[in-house]
Structure formats: C-alpha cells, structure tokens
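Pasting a structure here, questions to come.
Residue numbering begins at 1 within each chain, and the chains themselves are lettered A, B, C and D in the order written.
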Amino acid sequence: MTPKRLEAFSDGVIAIIITIMVLELRPPDGSSFHDLQPMIPKLLAYLLSFILVAIYWNNHHHLFQLVDRIDGAVMWGNLSLLFSLSLVPFATAWFGENTGELAPVILYVGVQLSCAVTYTLMTMALLRIHPADSPLAIALGHDRKGKLSTVLYLAALPLSIISPWIGIALIIIVAIMWLVPDNRIVRALDAGDDGQSPD
Amino acid sequence: MTPKRLEAFSDGVIAIIITIMVLELRPPDGSSFHDLQPMIPKLLAYLLSFILVAIYWNNHHHLFQLVDRIDGAVMWGNLSLLFSLSLVPFATAWFGENTGELAPVILYVGVQLSCAVTYTLMTMALLRIHPADSPLAIALGHDRKGKLSTVLYLAALPLSIISPWIGIALIIIVAIMWLVPDNRIVRALDAGDDGQSPD
Amino acid sequence: MTPKRLEAFSDGVIAIIITIMVLELRPPDGSSFHDLQPMIPKLLAYLLSFILVAIYWNNHHHLFQLVDRIDGAVMWGNLSLLFSLSLVPFATAWFGENTGELAPVILYVGVQLSCAVTYTLMTMALLRIHPADSPLAIALGHDRKGKLSTVLYLAALPLSIISPWIGIALIIIVAIMWLVPDNRIVRALDAGDDGQSPD
Amino acid sequence: MTPKRLEAFSDGVIAIIITIMVLELRPPDGSSFHDLQPMIPKLLAYLLSFILVAIYWNNHHHLFQLVDRIDGAVMWGNLSLLFSLSLVPFATAWFGENTGELAPVILYVGVQLSCAVTYTLMTMALLRIHPADSPLAIALGHDRKGKLSTVLYLAALPLSIISPWIGIALIIIVAIMWLVPDNRIVRALDAGDDGQSPD
C-alpha cells in the first residue's frame, strides 16, 4: 500500500476543515464598524484554529515525505486524526461565541488533546512498519514536541478551572512551539537528498 | 480511459461528504457543560456515519489499486455511489436529532442500503471489463462481506419496525465487520508486488 | 502551460458544487414518514442537478484527456464554466422549493444555458490552440450534441411560459441525451491507444 | 521540500473558498422574478470575489510552475495568503448585503489588501531561496502589477470615505488589470520549454 492517495484524501479533508470554519463568521446585521466589533473574538478564535489545523497539515506533510508504506492501522490512525480535526470547527464556534467561559474552553482543549493523541497513535502505527534505522524512525526520534503538547493540553484541563484564560494561554503556547518548523524531519530530508533541490 | 481522475474526483466528493456532516453540530445556545448534553446523540450519529463513509473510501481506495481500466458504466456506477453517499449527511442529521424514532432509522438504513447496492453495481461494471484471472477479479472473489452487508441492511428494514434499536445495532455490526481491513485485496496487492514495499 | 493543475482545480470545484447542494436538504422538523414527503421535490431537483453537474465533470474529464496545451483564454473559459456551475446549487434550491413555478424554472434553465455556453466557449478556446488534425479537434467534430443542448435550453425559455413543466421536460431530455457516453471522444481515445488498456 | 503537496493543498483550499461563497446566495422566499431582484447586488459581489480569487489561483498556478523548492517561510507565507483569502466569503457577504455602505467596503478592501500583502510576502520568501538568475526571479522581475495593486488598495481605503463607490471602482480596476494574463511568467515558461507544447 502506498501513501499517495491517503495523503491526497487527508489534504482534501484538512482543506475543507480549515475552510468551513469561516462559515461561522456570519456577516453582522448592521453595516457600521460598530457592528463588526462582536466579530473580533470569533475572528481570533478562527485564526487560532486555522493555525492549529495548519500545523497538523504542515507536520502531516513533512511526516509523509518519509513514509515508505502504510497499512490498515495507519489508515485508521489517520482517519481518527481526521475525525478529531473535523470537530475543531464545532469547538471553535462554541469557543468563539463564549470567550472566557469554562465549558467551551474545556471542549476546545479536549478536541486539541484528541488531535494530539490520534496523531501520536498514527505515528506509532507508522513506526511499527518502518525499520528502526529508517529516515522516518530517526526523524521522529523521541518526539519531544509531541509529548510536550499532550502534557500541556492535559495540564490545561484542570488549570482552566482556576481560569479559562490559563487554558487559552497554554493552547497558544503549543501553537507557537509548533510554528517553528519541525527541524528533525527537515534535517532528515536534507540528509537524504530528495533529488529536487537545485544546489 | 484511466481511473486516476475518477479516483481523485471520488476522493474529493467523499472528503467533502465526510466533512460537511460536522456542520450539523451547531454550537449550543448556552455555554455550560449541561448545554452540551443534547449534542451527544448527534455526535454519536456523526461518528457512526464518519466510520461508514470512511469504510467506503477505504474499500474504494483498495479496489482501485487493482483497477486497470474503466468505462462509462463504471463511471456512472461510481457516480451513483457518490450520490448515495451524498445523502448520508442528510440522513445522519435527521437520525441524530430523533434517536430511536422509526422513520429516521429506516431512512438511514435505506441510504446505507443504497450505498451498498451502488458499490456492488460499480464492482460488477468493473468485473465486466477485467478478465476473470485479473488481480481485481480474484481479489473480489465471491464478495461475501459485500453480500452479507446488503442482507443485513435488508433485514434491518423490517426489524426496525419491532424496535428501531435493532436497525441501529445491525448498522453498527456491518461497520465493525468492515473495520477489519479487506484482506482479500490486501493479499492480492502483496502477491502482485507494487514495487514500493521496502522489504 | 500544462492542463494538469487546471484539471485538478476544476475537479475540486465541481466536487464541492455537486456536494454542497445536499446542504439544501435540511432534516424535517417532525420525525415521521409524513414529514419526509415535502422533501421529495427537493430530492428530485437535487438528483437532476447532480446528474447535470456529473455530466459536465464526465465530459470535462473526457475532453481534457485529449488536451495538449492550454492558454489564458482556456483558463478563463474554464473559470466561466466553473462560475456558471457554481450557480447550480442556488438555482436548484429555488427550483426545488417552488416546483412548477415559472420564475424558478426560467432561472434554472438560464443557469444551465450559461453552463452550456461557457463550456462551448472553452472548447472553442481549446480548438484555437490545437491543430485541425489533432485528436481533440477530430473528436469534437461538429459538436452536434453541444449545439442541440444549447438550442433545447434556448427553446425551454419561451416554452416554459406556456407551462413550466415543458421547460423541466426539456432539461430532462438534455440530461438523458448526455447520459449516453460521448462516443466521439471515447472512439478517439481508443484509436490513439493510451497504453493502459490490457487488451 | 518539493512544492507539489503545497500546490495541491492550496488548490483545495482556494477551490473551497471560491465555491462556499455561493452558499450566501440563499433562495428568496417568494417564487416570482420580482423576488429575485434583491439578489442582484449579492450576485455581482459574488462575481467580483469569484474573479479576484480566481486571479489569485491563476497567478499561484503560474508562479509555482517556476518554483524549484520551498521552505518553512514559503509554507507559512502561503498559509497566510490562504487565511486572507478565506476571509473573502465573509467580507463578500457583508459587502453584498450592504452595497455602497462605507464599513463593508472598507472591510472588503482591507481583506483584498491583506491577500495582496501576503501574496507578496510569499513571493519574497520564494525569491530568498531561488538564485537571482532563476526563471522565477527573472519572471517576477520588479512585480510592477503586484506593487500597483497594493498601492491601489491602500488608496482605496481613504478614498472610500469620500464615496464607497470610489473604493469599489478601484477594486474593479485591479481585477481588470490582472485579468490580462501575467505575461512575464508566460514568457519565461515559453522560453524555458516545458517539453509539453506540441509545436
């Protein structure tokens, strides 16, 4: 089984997820700048979710450049990730409408946690069918960033009870952490020349 | 005629179908955990439909790796399948809002039956243009799982009258039956080495 | 300029158009079979539009297998077609809610006419940059079916004033006419062996 | 890193953006031609946005035919462009419902300005990793059209205060300016023969 069609399907689903979130941004009833003001928290929630989903696409993109083969477990691991990601628009809509409230933040963190866990499960399924000295296994290494994200999301759940803003802050910290490109994989790609770079 | 663009188009449509179902999950009016409770049956209905549509994508993916050629009949068989699948979001929305009611379960089973029948029609159109000793014909074999699914869906229609929950149970049984990857095709792919596996 | 990415983009847009129409099928308020009845005209309108859009995809698919090159005129011809097709969901929604009323039928026919005209404009732009003895030019030939469709749509406009059902009947006739695969192009593809057919 | 999957993902997102705008065109309540009249400004706003988004897809398409490699900066530049483009449906909806009002025009111009700026940022990130004598660098040249668009959008912001219609006129001027295909890149593609043209 080759990963090409799985990549294409995942790209399609992620492209739809990232775009339908914008359907939540309904034009306000009035036509003045003042009417636009209540949109700002929704817009910021959308921006945050856009970045988080884009990070998954980005990492998925890098990861699958090193994938030689997939099996049923990888396919269902990937589908679990896509299911988790597909809940992001719903969680974002509730979160954007009720900024600073506890339950929407917990749901939002929970959905992000589910994305992080299913992504990890997918990488574990990939590692099972790639040798320990494969570029993929070497690139993934100890996956410190992945583990740290999961820990931060887990910590965000009880800490949000003290203040939902702590939960929001932790999600933003995870996003910033990942905005730095995943150098382990970039390095592995550079080492194993993909025959495309001009120099 | 080569199947590449048909595959790409089908992937696109299935990716959209699987994702727009999430648009049914509207954020609740309130902002407490309590307000989230009525969402649970809708979320479970979405999960079930996500898995069922994902199974079709998965099987479609495996099937077309063995397809050498397509014709007009295959193309329209495939479009009938896509049409049936496109009714899943509508059936899921009605089913998720009225759990345990007869008519929504019958509609849901009916749409699944339509997907199963059109998928079978498409495989029959494929078998007509592939020789009996082609990897595709051998892999499809007697298609016991496909026939059993159709029988179970057909049985679910009258049995739902006794209790809609029997219908729901039968759909879940079909889903579980398919979650096990389709070994016939996997075996055929392994036999006919696709030149990608590293070992 | 090669047509690969134009094909992929068109497939994406057509896949979305064909699928978002289903969003018009809102689950009824009640949960009995009786509540489903008012959905039937909407479902039939959706089926008709699904078939008409699928025919465009099908023809587009066949056409571009013979296309060697594209230019800016083809690209904008194609985008005009996509714009016309993107109005189908809107026209279908109005038509499905007001079956047999004049204005929705005229709008529906008008949108179909716009699709037919822009498709023809795109093929003309293609013929301008392909030699007269190219497989594409030979396959398109006199394009009798395309011209007949345009004539039937044009006739449907005044005839709908007598009865909107005549307009609907003419659209269905065009659909049936195209459901028969476009043999001119199929024949050209068979003549110019694409190196994929096993026999 | 190769640009293939970035192109595919961008195509997917742009295809969705260009298509979901049509969801704003809700069928009117009545069923007469008169009921269709208030749709006309919305339809024109949709047409304008369709053309503007299509221009971005068109330019993106041309640009990436000359791209040899991408890096993290290009990827995030591209994602910023996609985020800006994803706000077009929202801005279009508000603009189409309130034609000639100041705030919706300013928002619409602002979103277009954001698209122009992020596109420029992406090309700058591409130029950083392509040599000065690469076809890409030569084709982009001084990017007079890009700079002029940004200047016109910037001018549209204060001039809209005099009359929102000046802002609308300037956006239409930018659209017409780009509808002429980007000859610099077309010329570069013709010079560096892509081995596909039949003559």
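In the analysis below, a residue touches a chain if its C-beta (ideal position, glycine included) is under 8 Å from a C-beta of that chain, and two chains touch if they have at least 3 such contacts.
As the structure is a computational prediction, the values presented were derived from the model and not from experiment.
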Remotest chain, chain B as reference, centres from CA atoms: D
Self-contact between copies chain B and chain C, residue sets same or different by half: different
Centroid distance [mean C-alpha coordinates] between chain D and chain A, Å: 26
Chain A: positions in contact with at least two other chains: 8, 12, 16, 20, 23
Chain B contact footprint on chain A (complex, rising order): 1-2, 5-6, 8-9, 12-13, 16-17, 20, 23, 68-69, 71-72, 75-76, 79, 82-83, 86-87, 89-90, 93-94, 97-98, 101, 103-104, 106-107, 131, 134
Chain C partner contacts - residues on chain D that touch it in the complex: 7-8, 11-12, 14-16, 18-20, 22-23, 25-28, 31-33, 35-36, 47, 50, 54, 57-58, 61, 65, 179, 181, 186, 189, 194, 196-198
